[in-house]
Amino acid sequence: MTVAPVFMPARRHRRLGSLMRHLRSPVAVTSLIVVGLALGATLAPGLLAPHDPAEQSLLARLAPPSFLGGPEGHFLGTDQLGRDILSRIIYGARATLLISIAAVVISCSIGTTVGLVAGYNGGRTDALVLRLIDMQLAFPVILLVIAVVAVVGSSVLTLIVVLGISGWPQFARIVRAAVISVREMEYVEAARAIGAPAMRVIFRHIGPNVLSATIVFATYELSRMILIEATLSFLGLGIQPPTPTWGGMISEGQKYISLAWAASVFPGIAIASTILAINMLGDVLRDALDPRLSGEDGR
Amino acid sequence: MVDYVLRRLLYTIPSLLGIVVVCFFLTRLSGDPTDLFLPIDASEEARDAFRVQYGLDKPLMEQFVAFFYKALQGDFGNSLRFGEPAISLLAERLGATIQLALATLFIAVGVGIPAGIVSAYYRNSLLDVAVRSLAAFGQAVPTFYWGVLCILIFSVWLKWLPTGGSGGLVHLILPATTLASTLVALLARVMRSTMLDVMRQDFVRTARAKGLGEFTVVMRHVARNAFIPVLTVIALQFGVLMGGVIVTETVFSWPGVGRLVIQAIYARDYPVVQAVVFFFALIFVLSNLLADILSAVLDPRVRYK
Amino acid sequence: MNATATCGTSAGVDRHEEILSIKQLRTTLGSRPGGVTVVDGVDLSVRRGKTLGIVGESGCGKSMLSLSVMGLVPPPCRVEGRIEFSGRNLLDLSPAEMRRIRGNRIAMIFQEPMTSLNPVLTVGFQIVEAMRAHDRKSSYEVLRRRAIEALVQVRMPAAERRFDEYPHQLSGGMRQRAAIAMALSCKPEVLIADEPTTALDVTVQAEILDLLRDLQQETNMAIVLITHDLGVVAQVADEVAVMYAGRIAEKATCDALFADPQHPYTLGLLGSIPRMDQAATRLLAIDGVVPPVASMPPGCRFHPRCVFSGQECTRHRPELTAVADGHAVACLKAPIEEGQS
């Protein structure tokens, strides 16, 4: 306990320093730019988009991108209703990212709490939680989500809740393992013996480690959620039109693919590059914060 | 060995129970199941008649037991759309899905595992960097987008392969490649890292010291050992693969179970949805069971425990 | 210890011809600019039917020395000098030629019997595999019989049954016997044993050493025994080389080394083994640790830890010089008299 205040700030500085070093690599910078653009589009699409995403122009339907000879003003071309693809991609970021981020926040909070309680109490609680984790992992997540959305219908809230609930077991595992590794240590025992709230001791000591492991995992989880959300909206089970979504745009574009490829290809590039950038950032964070995990890119 | 299999079988019971529970509550999530099974404008009498017919007037526990009993027999009721038993609709479509799944596994294992082996053996070489980048890329691109790109390139632009539907082998190529893409990336990645783990072990040095050729050392002593944990990963990926099946069958209009469930969802044909969800979950649990048993067969340390 | 007794008789000349001789061996790990030299100018030789003990702390380069002989130093690496084996320089051989010698005429056993056998293959398979690598003609039945014979030869209890068992079903001592059977299955002329008994219980350790000695009697093979344990060396070696930081510090017959150690490092090592036959007159412990290979001190590499070191030790690299017949020391202060320091 007495050691902690002396060592922790130093350790945190080292981590931060290492993070800053890792973030300067070209891969990290590119990834940050992509993620930054996606976040910008989520927060203020109006500032970035050249057009209203719902504005139709029946005269300029399925136009190719302007850099390939399409009409001026539609950089990435237009879709089957003559709507500007670039603007729709920018507005489409919002649904995907909001849902994914919220879902990760939910699964992270549930998982962390459950993991803390299970790891700290041990015994029967722990056994029960482990069984629950196994059970949920025995159920294919995407199937669960599809099934629930099929019945309940898809609103932003439903998607957030369902996706959020689907992801907690992995978080719980990480936190539980970290708590157990610290719980048996002598200073925690000692703190308990003198009646100090051991939970606080545990927080102090596992805090930094579990935090970095959780952040790294949350990053990968975010890209997984984006993937699932995009898949759902591609299948028509996500946010319903006319709200633009990346998956939905590809699905609609596919119908006209022999006439105009732009409508389905560009939204896909948006999805893939966002996910790739987030994964790369995850790798960077992992190398910087949690070198133990980085062994050989084993996730 | 028998002990191990029996114990492992016991562990699947809670999972199976969980699946039945989920399927049961699925149709009760929105409150009144009659909303789901009957047209919106159905009369109150029709609703009551439906409730009596399907035992919805009985206590929940009793309903559950009845559902459980029927589910074990594969009875999920009749399709609301076609009037046939849901399970026979599923059986009709099963062949196409199995065909797709087998072709996918064949491609994924055939490409992903060798890529992982080569990438690990020539670690940090240009080849390794290429495999790793492709794998990172492959994992970032959603399955449905691969499908759309494949159609665009091979059907629309090159006109080599059909955009969808089923028939001969030509129809299978694009869907199977699409579905395999994510799996190939994952297998290459996992195989590479387990290979690197095994290559560090002492017995590999012993194998070399015996005068074995490099190929034998890598295949017999490294890859074989590295494959055992990868097997479990493949089984766990079956869940993701199922999502992929649904997507791929939709993109390529492949007449399999995945397309069936999407059509059933659009048509609010819940008995069919229940049957497919139950079936997929069952396959998932069983494939994990199979993987565990297989790795026990391959790994004597587990076998003789 | 019969081998020592026969030495010098007229029949022994041929029986104990030099089979492996290492000259100015330099092994560098890593790629060119950043590489570290782990074996630095080592000269050694082994004769048929004799045992050469190589002693040193972990990190002194003794394992890398043996891997260099086997051609198994993990790449990227550079191995220079000469390794002469039955008239040929092993370093000049093609990989295929080297493979024909490795495991066939020069075999090796490793420290950790737990991990040096593949856990998912049967003991029998792994022995047959070793023989198959050098014998494409014999049938499986013949090889199987020879493998079981090899297991009997290493006194594996219930040899026939062990053939079909997996490594994890055997005890540590039995695993090492299996590893020895595997190494001996092709009747090698040289056996390199890298810490063969370190991971074993003391009683099992004695059994394995006895076994190695008896097998040497039967087959007249040369043994290179690598160990950090002078006690082991005293039991089985005919000649001993003491290694420190990639170089040979002292080289002598086993008797001479124990009777009249010359290098301060050897003295230190001897000081740290308990002696039953002698009242402990003084105990010379060595302070510090082996310097990391990347930052070797200049001059004599032992000088920072040496109680005898003087000015010249920091400047000049001591060469291996004979102090008596068959006894050479690399120390500027040698010979060190009793009572000095």
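Just so it is clear, A, B and C label the chains in written order, and each chain counts residues from 1 on its own.
By our rule, a residue touches a chain if its C-beta (ideal position, glycine included) is under 8 Å from a C-beta of that chain, and two chains touch if they have at least 3 such contacts.
Since we're looking at a predicted model, the values are computed, not measured.
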Length of the shortest touching-chain route, subunit A through to subunit B: 1
Which two chains share the largest set of C-beta contact pairs: A-B
Interchain centroid distance [CA atoms averaged], subunit A/subunit B, Å: 23
Rounded Å distance, subunit B centre to subunit C centre (Cα mean): 53
Mean-CA-position distance for subunit C and subunit A (Å): 55
Residues of subunit C that touch subunit B when the two form their complex: 70, 72, 99-104, 107-108, 110, 112, 115-121, 129-130, 133-134, 166, 168-169, 179, 182-183
Partner subunit C, residues of subunit B touching it in the complex: 201-203, 205-213, 216, 220-221, 224-225, 228, 298-301, 304
Subunit B-facing residues of subunit A, complex: 131, 134-144, 146-148, 150-153, 223, 227-228, 230-231, 234-237, 247, 250-251, 253-254, 257-258, 261, 264-265, 268, 271-273, 275-276, 279-280, 295-299
Residue numbers on subunit B that touch subunit A, as the complex places them: 11, 14-15, 18-19, 22, 26-27, 29-30, 36, 132, 136-137, 139-145, 148-149, 151-152, 156, 189-190, 192-194, 196-197, 236, 238-240, 242-243, 246-247, 250-251, 261-262, 265-266, 270, 273, 277, 280-281, 284-285, 288
